[in-house]
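In what follows, structures are represented as C-alpha cells.
First subunit A sits with subunit B, and in the next complex the same chain sits with subunit C.
Now for the complex of A and B:
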C-alpha cells in the first residue's frame, strides 16, 4: 500500500516537472510568435494548391497542342466554337460542381436538361390532335422553371429526409425522367422527336429567341484602335505582372535608388518607340533590328525597376559545378534532339515511321507482355516472400498490358502531324523541366551560374521559335507561336539577367504578398481585356486583307460565362458558399455550429435544376426540335468536367471556375481530335486519361491541403 | 469573480433502467475553471450533454445565473451562452481558418440579394481573436487541416469566446495531443478563464487538470466521488480518487503478487 502511494507520488512529480517545462516552452513559442517549422511559402506555391490551377495549366497545354496540330484550331475561330461547344456542358458542370462540393451527386442532371426543354416545347406547341398546349412562351418558360425548381427540391428533400445516398436517389430520378420524356412525347404528339419551339411565333418566340440563341458576329464591330489597345493592354498588364513577380521574389531595398527609376523610364520610352517603329516599317532587317532594340529596352525597363526598389546581391564567381553542367547539357540536348527529330521527319519519313510503328505494334505488344513476365519471374526467382512476389507479378503484368495497350492506341490515334507534335512536345517539355531543375541547382551555387543556365534555356527557345516558324504546317500556329515562343525566350533571358543582381526574399512579408497579389490580379485582368479586344473586334485593314474570321459568339457563351462567374462569386464570397464547403467537408460539424445543412443541400439540387432548365432552353432554341433522348447519359460528362476542374469526388473542396475550365477542356478534345484528323472514336480514351490524371492530381492537392501535424 | 454562473444540485439522468448519472453537485464560477475528471464510462459525456442542452436531466436542479433551467436544444444553451467544444471540434478541415471561425455566422455586407461575406473583416476579426488567446495565425486563409491539434483547439475556443459564450465546455481537449501541445491548450484554458469565462474542462488526466483547475468534480460509474475546491485536495489525492482508489490498490497488490512469484 505504501508502495503504491510512493509510485503515484513519483508519477506526479514527473508530471509537474513536465508541466513546468511545457509552460516555459509554451511561453517561448507564444513570444516568438511564428512557428519556426513553417517554411516561407511564395505566392506561386500558394497558388499551386488552388483547385483550379491544374485545370488551367491542362487547358493551356491541350489548347497549344491542338493548335500546333490542327489548322482549324486558331485563336479566334477556335475560341468561339470551343466556348460554344463548352457552354451547355459547362453550365451543367458548374452547377454539378457546386453540388459535388456540397457532398452530393445528381445523376439525373443530364436527362433533366432534355426534360425541361421538352416540357417547354410541349407547352408551346400549337394545339391540335397531336399538338401541345399552345401556351405563350411568356408563360411556358416560367412554368418549366417552376417544374425544374420543384424537381430539384424533390431530389434534395428525398435525399435529406431518407438519408439515402444521393447517388441512388438521383439514379431513380434519372430513370423517371427518361421514362417520362419518352412516354409523354409519344402520348402527346406520338413522336420521339419533339418539335418545334418556333411554333411559338407570335407568342413570345421573337422575344425569347435572342435571349437564348442570339448570335453576335465578330465581323461587324470595327475598332480602328484595336491593335493599339491590345498592345497597351499587354504593356500595362505585363508591367503589373512584372511588379507582382518582383514583389514575390525580391527583397525591398532599405533605400530607393532614383537612377533606377530613370533607367526604367528610358526603357519604357524605348520600348514604345520600337513598337511604333516596328508597326510602321516592315521588313526582315527592320524586324531584326527592332527585336534587338526591344530586348535592350526590356532589359532597361525591368532592370531599372529592380535597381530602383530592390536590394542588390553578389553575383558570385562559381559558374559551374559538374552537377549543374550535366543537368544543363541534358536539358539542352533533349530540346535539340526534339527539334532535330522533328526537322528530320518530313512527310515521307513520318509515314515510314508510322508504318514501322504499325509493323512493330504486335511485336511491341508481345514485348511489353514478355517484359512483364520476365520481371515477374525475376521477382519470384529472387526468393522474396510470397506476397511481394504475387504483387510484383500482378503489377508487372498490368504494366506490360498497359504498355501494349498504349502502343496500340498510339498507333491508332496518331497521324503524321500528330507524331511530330508529340515527339517535339515530349522532348521540349522534358528538356525544359530538366533545365528548370538545372537552374534551381545552379541558383544554389551562385546567381551567375543560374543566369548562364537561363541564358542557355533562352537560346534553345530562340532556336525552337525559328524552327516552328519554318516547319509547322499550321499557318496560324507558325506565325503566332513564333512570336509567343520568342517572347517567352526573351523574358527568360531578361529574368535571368535581372534576378542575377538582386537578392531573393526568403521570409514572409505580408505587405509584399498583398501587393503582388493585387498587381498580379489586375495585370492578368488588363491583359485579358486586351486579348478580348483583339478577339472581338476587327479593323478595316484586316477586312481589306480578307483575314476576318467569321466568328460567331452565341448567347450560350454569354450564359456560360455569366453562370460560371456567378457560381464562382457565390462559392467564394457569400455565406451560402461557405456553407456549401462546410456541408460537403464535414456535415456533422456544420450542423453543430448552426449551418442549415439540409436546406443548403436542397438549394444545391435546385441550382442544378435551374441549370438544367437553362441548358434545356438553350438546346430547344438552338435545335428547334429535341429528341426524347436528349441529355441522357451526359451526367457523367458533367461530373468528369467538375473533377477535371479540381472538384473532389468526396466533397468539401473544389472550384466552380475550375469546372468551367474542365468543360472547356472537354469541348477542346471534342473539336480538336477530329480537327487533327485523328479517329474520333478514341475521344473517350483521351477523356479517360485526362480524368485519371486529374483525379491523381486532385488527390495529391487534397493530401497537401489536409496534411495535419499535431 | 466569484459569481456563480452554473450551479448543479444533485443532478441525475436515467436511460430507462440505466442510471447514467446520479447525485452530481458542483458549480462553475466566472473566471474559474471547473474540472470534471473521470475514467471511461464515468458519465462525463452525459454530464456535458446535459449542460449543453443535448439531453435533459431527470433529477435535481440545474441553475444558470440563478435561474432553474432545462434546455430543450443545443441552440437554446448556446443562446444563453453555454458553448461546448467537442473532441471533433466541429471544424471543416479543408476550409480556411476564418471561414471555420465564422461558419454559420458570417459577417455580411451589401444589399439583398447581393449580399456577400465581408472577408476582410472576418479575416481580421479571426486573427485578432486568436491573438487574444495568445496565438499568432500567420495566414487566416490556410486550411484548418494544416494547423496543429493545439492550434485547432484554440480556434474552436476562440470561436466560442468570440460568439459570446459565458460558459465554455471543453470535452477532453488534451486527450489526442502530445505533451507540448497539451501544454499549449492548457494555456488557452487559463487565458479563457482570465477573460471572465466559466470553463468546464473535462479530462481523464489529473496532471492536466490540477494546474489549471479551481474546482474538481470527480465522477465514477455515474456517481459523484466528490466536488472539491483546489484548497481541499492535492494532486495525489485527486489521482488516487479518480483512478478508483481502492480498486487500483487492489490491482497493484495483485500485480505485485504476480510479479513476485
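Now for the complex of A and C:
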C-alpha cells in the first residue's frame, strides 16, 4: 500500500458503515421501551439525526467525486483553494445559520460585508478635504466594528419593535447598504472602486495586516515524517472513532473478561507490525499478505475488545428467509453488473465507447423518460375523477420529459471515462443500498443472517477493490482508492463478525456514553492533526518531484475555522445557544419560560454584523481595493450554505458546524468545474443539481433515521 | 383584503410621485457640476412614464437661463442618454463624458441608467420620445426589446444614436451612427498584443458574467487573432472576488500549460493576476477597461496591457453629434460606426492615463 491511506477513506467507510449502521441501530430501537420519549436511540441513529450529518456525507461524496475526476483535488493545493474560497462564505454562513436557527433572516448580510470593508478604507484614507478621515487603523478598525454592531442592533431592534418580518426589514437594509456604498464612495473619493487600505501604512497597517491577511506558504516548511504522521493520524484516530462506535453500540458485560484485553493487545501489535512490514516491503504478494494480516489483526483487535467488555448473545439458527435472500442477491447482482459492465466497456473498445453511446443515445433517453413517467406514476394520486386524472397525467408527462432531458443532457456531455465511472458508481452505490436494506432485514431474523449479508457485502467490496486496482488507468485509483475500498470491506466484515456474537445495547448507559464521547473526540482530533500535517507541510521527495504548486493558507481560513468552532460551542454548550433554539422554535413559548427573546434575536443580528465586519476586513486587507458592488447578492449564498448544512428555513433547527460544511460544499462545487476543466457554461446546472441532491439526501437521512425509532 | 390592496396601490402611487419629483431634480444638478454624480439612476428609472411632461417642461426653462449666457445656439435642447448603466466605474466615466459635453455645448442632458434592466430602458425610451426629446442616444444591450421604441423615435423625427453596445443593430433602427467599440475587434487587438509580447502560448480567457454576449465576443475576438490556444470560461462574479480568484487558480492548476490570462473586465483581470501570483506561476495577464488598481499593476509591469474602449468618448461624442445634427444638420461616420477603441494602456502610457483616471475621465 502507499504512504497515504487516502483521503477518500471517509467516503467509502460512510457508505458501508451506513449499511451496517442502519441495520444495527434500527433493530436496536425497534424493541426499545414503551414510552417513546424515553426510548433509547442507537448510536447510528443518534449520529444520523444530527442536522449536519447529511452535509458531511454530501461534502465527502462531492469531494470524492472531484477527487476522481480532477487532478488538483486531493492534493494540498486543491484543498487550500477550497478552504480559501469557503472562508468568507463560511464565516458568513455560520453567522447566518445562527440567525436562521433563531428564526430570522438577514438579507443585508452580503452587502454588509462590502460596506464595513469600505467604511474602514474610507476611515483610513487620507487625501485631504473630504478624501477620507485619515484615521489610524487602530481607531478605524474598532470604529467600523462599532458601526457593524450598531447596524446589527438596528436591524434587530427594528424587527423586534415593529414585528415586521425580518425578510422585509433587512431587504430594506440591503438597499440602504447598496446606496450608501455607492453614494459615499462617490461622494468622498469620487470613485466606485475604493482603495487602498495600504495607505494606512505607518498607521497600524503593518500591525493589522498579518492578522487579517497573513499568508502561510506551505512549501517552505519541510517535515520528513509528514506522511508517517498522516497515516498514523488516520489509523489511530480512525481506530479510536471505531472503538467509540463499538462502545456505544454493544451492551457491556457484567463481568469483564481479561483474556479479551490480551487478544485486543495482540491485534494492535499485529496491526503495527503489519504496517511496518508494508512500509518496508513492496510488491504485489507482499501487499496481499499484508492485507490478509491486517484483516486478522483487525478481527483480533475488535474481537478482543468485544470479548473483553461486551456481553455475548445467541447467534440464532435461522439463516436466510426468502425475503432477505432476494434482497441480498439483488444487491450482489447490482454490484456485479456494475463491475462487469465497466470491465466490458474497457475491453471491447480500447479508445472509445462513445460510438456505442451514440447508438444507444435515443433508446437511453427514452428509457430515462419512461423511468421518469414510472416514478411519477408511483406517486400520483390516481385517475379516479377527471381532476385527479389530469393532474396525474401532467405530473407524469412533466417528470418524464424532465428525466428524458436530463439523460439527453448527460449523454451529450459525457465522455467514455465519465460514462464508465458513472455506470459503475450507480450500480455499486445502488447495490450497497440494497445490501444495507438486506442487512437490516436479516438483522431482524437472526444475528447470523446479518453476518452472512455483511460478509457478502464485504466480499463484493473485495472484488471491487481488485477490479479498480486492475482496471484503472489512474495511479490514485490503483493505490489510494484501492486501499480505501479494501479497508472499508474489512471493517464491514469485522463489524459483522463482532456484532454476530455480541449483544447490542438497548438502553442508555451514561458511562459508555461518556467514554465513547471522549474516544470519538480524541479520535477526530488525532485524525485532524494527521490531516493538518499533510496539508501544511511538504517533504523533500515531493519537492524534488516538482509536483507541488505553492499552497498558501491565509488567515481567513483560520478565522473561518475559529468562527465555526466558536459558533458551534456557542450553540451547543451555552445557555445563549439554548435560547437561540428556543426563540427560533417558538418565540412565544420561549418568552413564557423566561427567555429574553427580543434581546436574543437582536444579539443574533449583531453577530451577523460582526461576521460581516470580519469578512469585510479580510477582503479589504486581501484585495486592498474594494468595489462598491462587493458582496451584493451573496446573502443568498450564505442562506443556501446554511440550508445545505442542515439548518431549516423555518428556524428552531440547525447547526453552525453544518453551515461551515455547507460553505465548503459550495466552494467545492464552484471550484470543481474549473479544476476538472469542464465547460463552465454548465456550472450553474451542476451547482443546482448538487445543492438539490445535498438537501434531499440530508432530509432523507434525517427522516429515515427518525422514523427508525419506535 | 381589497382595502389593503387599495391602500398599497395608493402608497405605491404616492411613492412614484415623490420619486418623480426627485427625478426631476437630477438633471439640474448634473448640469451644474460636471463631476457631480448625485443624479441617481434609480430615480431616472421611475420617472419614465408618469411624469414626462412635468419633468421636461420644468427644466429647460431653468437651465435655459444659465445656458444662454455663453452659448450661441442650442439653448433649450434636451438630449436623452438612455443606457443600461449600473453606475459602475465604467459607466461613471462615460457619464462624465456626456455631462462634460452637455456643459461644453450648453445643452440639457437627461441621463438614465437602467441597471441592466431592458424593460426599464424600453420605458425610458418611450418616455423620452413622448417628452419630445431633441435627440436620443441609447445603448443596446438587448436589441429586441429596445429597437421598436427607438424606431418610433426615428419615425418621430428625433435623431437617434446608439452607443457602447448596438453596433449590429443601429442601421435597422435608422440611427445616424453608432459610437462604441466592437467587442470582436477589441478582442482581436488584445490577441495581437499577446502575439507581440510572444511569451504566452495558451490563454485562459476568464469571464465575470456567464451570459453576456459582449464578454463572449471579447474572448472570441482574442481567439481569432491569438496564435496559440484560447479557452474561454466563466469564472465567478465580480461581487465575490475571493471565489473568482479561487476559480481562476483552480483552472490554472488543472492545466499547467496555461501561461496567459485575459480578464474581460478590470476586476477579473486583477483576480487573474492574484491567482497567478498565488500559484507562483509566470502568467502574462491582459485586461479590459480601467480601474486605478489595474493601472497600478500595469505601471508595475505585472499586467501587460488593458484594452481601453475610451468610454469617455462614448459619452461625449453622441452628445456632440446630436448637437451638430440638430443645429447644423451635420452627420458623421458616413453610416459606418464610429469606433472609440480599442485603445491600449501599457506600461508606456500608464502614468499619463493614471493621472486622467484620477481626474475621472479615463
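Simple rule for what comes next: the second predicted complex is superposed on the first by the 506 of 710 C-alpha atoms of A that agree within 3 Å, B and C clash if a C-alpha of one lies under 4 Å from a C-alpha of the other, contacts with A are read in each partner's own complex, and residues count from 1 in each chain.
Everything that follows uses one rule, which is that a contact is a pair of C-beta atoms (placed from the backbone, for glycine too) under 8 Å apart; a residue touches a chain by one contact, two chains touch by 3 or more.
Worth saying up front: this structure is predicted, and the values here are computed from it rather than measured.
Of the two partner chains placed around the shared chain by superposition, subunit C is the only one that A:683 touches, whereas subunit B remains out of contact.
Once chain A of one complex is fitted onto chain A of the other, the partner contacts of A:653 are limited to subunit B, with no touch recorded for subunit C. In the superposed model, A:671 lies in contact with subunit C only, and not with subunit B. Common to the subunit B-facing and subunit C-facing surfaces of subunit A is no residue whatsoever. The touching residues of subunit B, when paired with subunit A in their complex, are 74-75, 78, 86, 88-95, 99, 102-106, 108, 115-117, 119, 134-136, 138, 143, 145-150, 152, 176-184, 186-187, 207, 211, 235-236, 239-240, 248-249, 252-253, 256. Residue ranges on subunit A touching subunit B, taken from their complex, read 1, 3-5, 7-9, 11-12, 15-16, 18-19, 22-23, 25-26, 29-30, 33-35, 38, 508, 569, 573-575, 577-579, 581-582, 585-586, 588-590, 592-595, 652-653, 702, 705-710. Contact residues on subunit A toward subunit C in their complex (touch as defined above): 70-72, 77-78, 81-82, 84-85, 87-89, 110, 182-183, 186-187, 190-193, 195-196, 549-550, 552, 556, 619, 622-625, 627, 629-634, 637, 667, 670-671, 673-677, 679-681, 683-684. Within the complex formed with subunit A, the subunit C residues making contact are 35, 37-38, 86-89, 92, 210, 233-243, 245-251, 253-255, 267, 270, 278-281, 291-293, 360.
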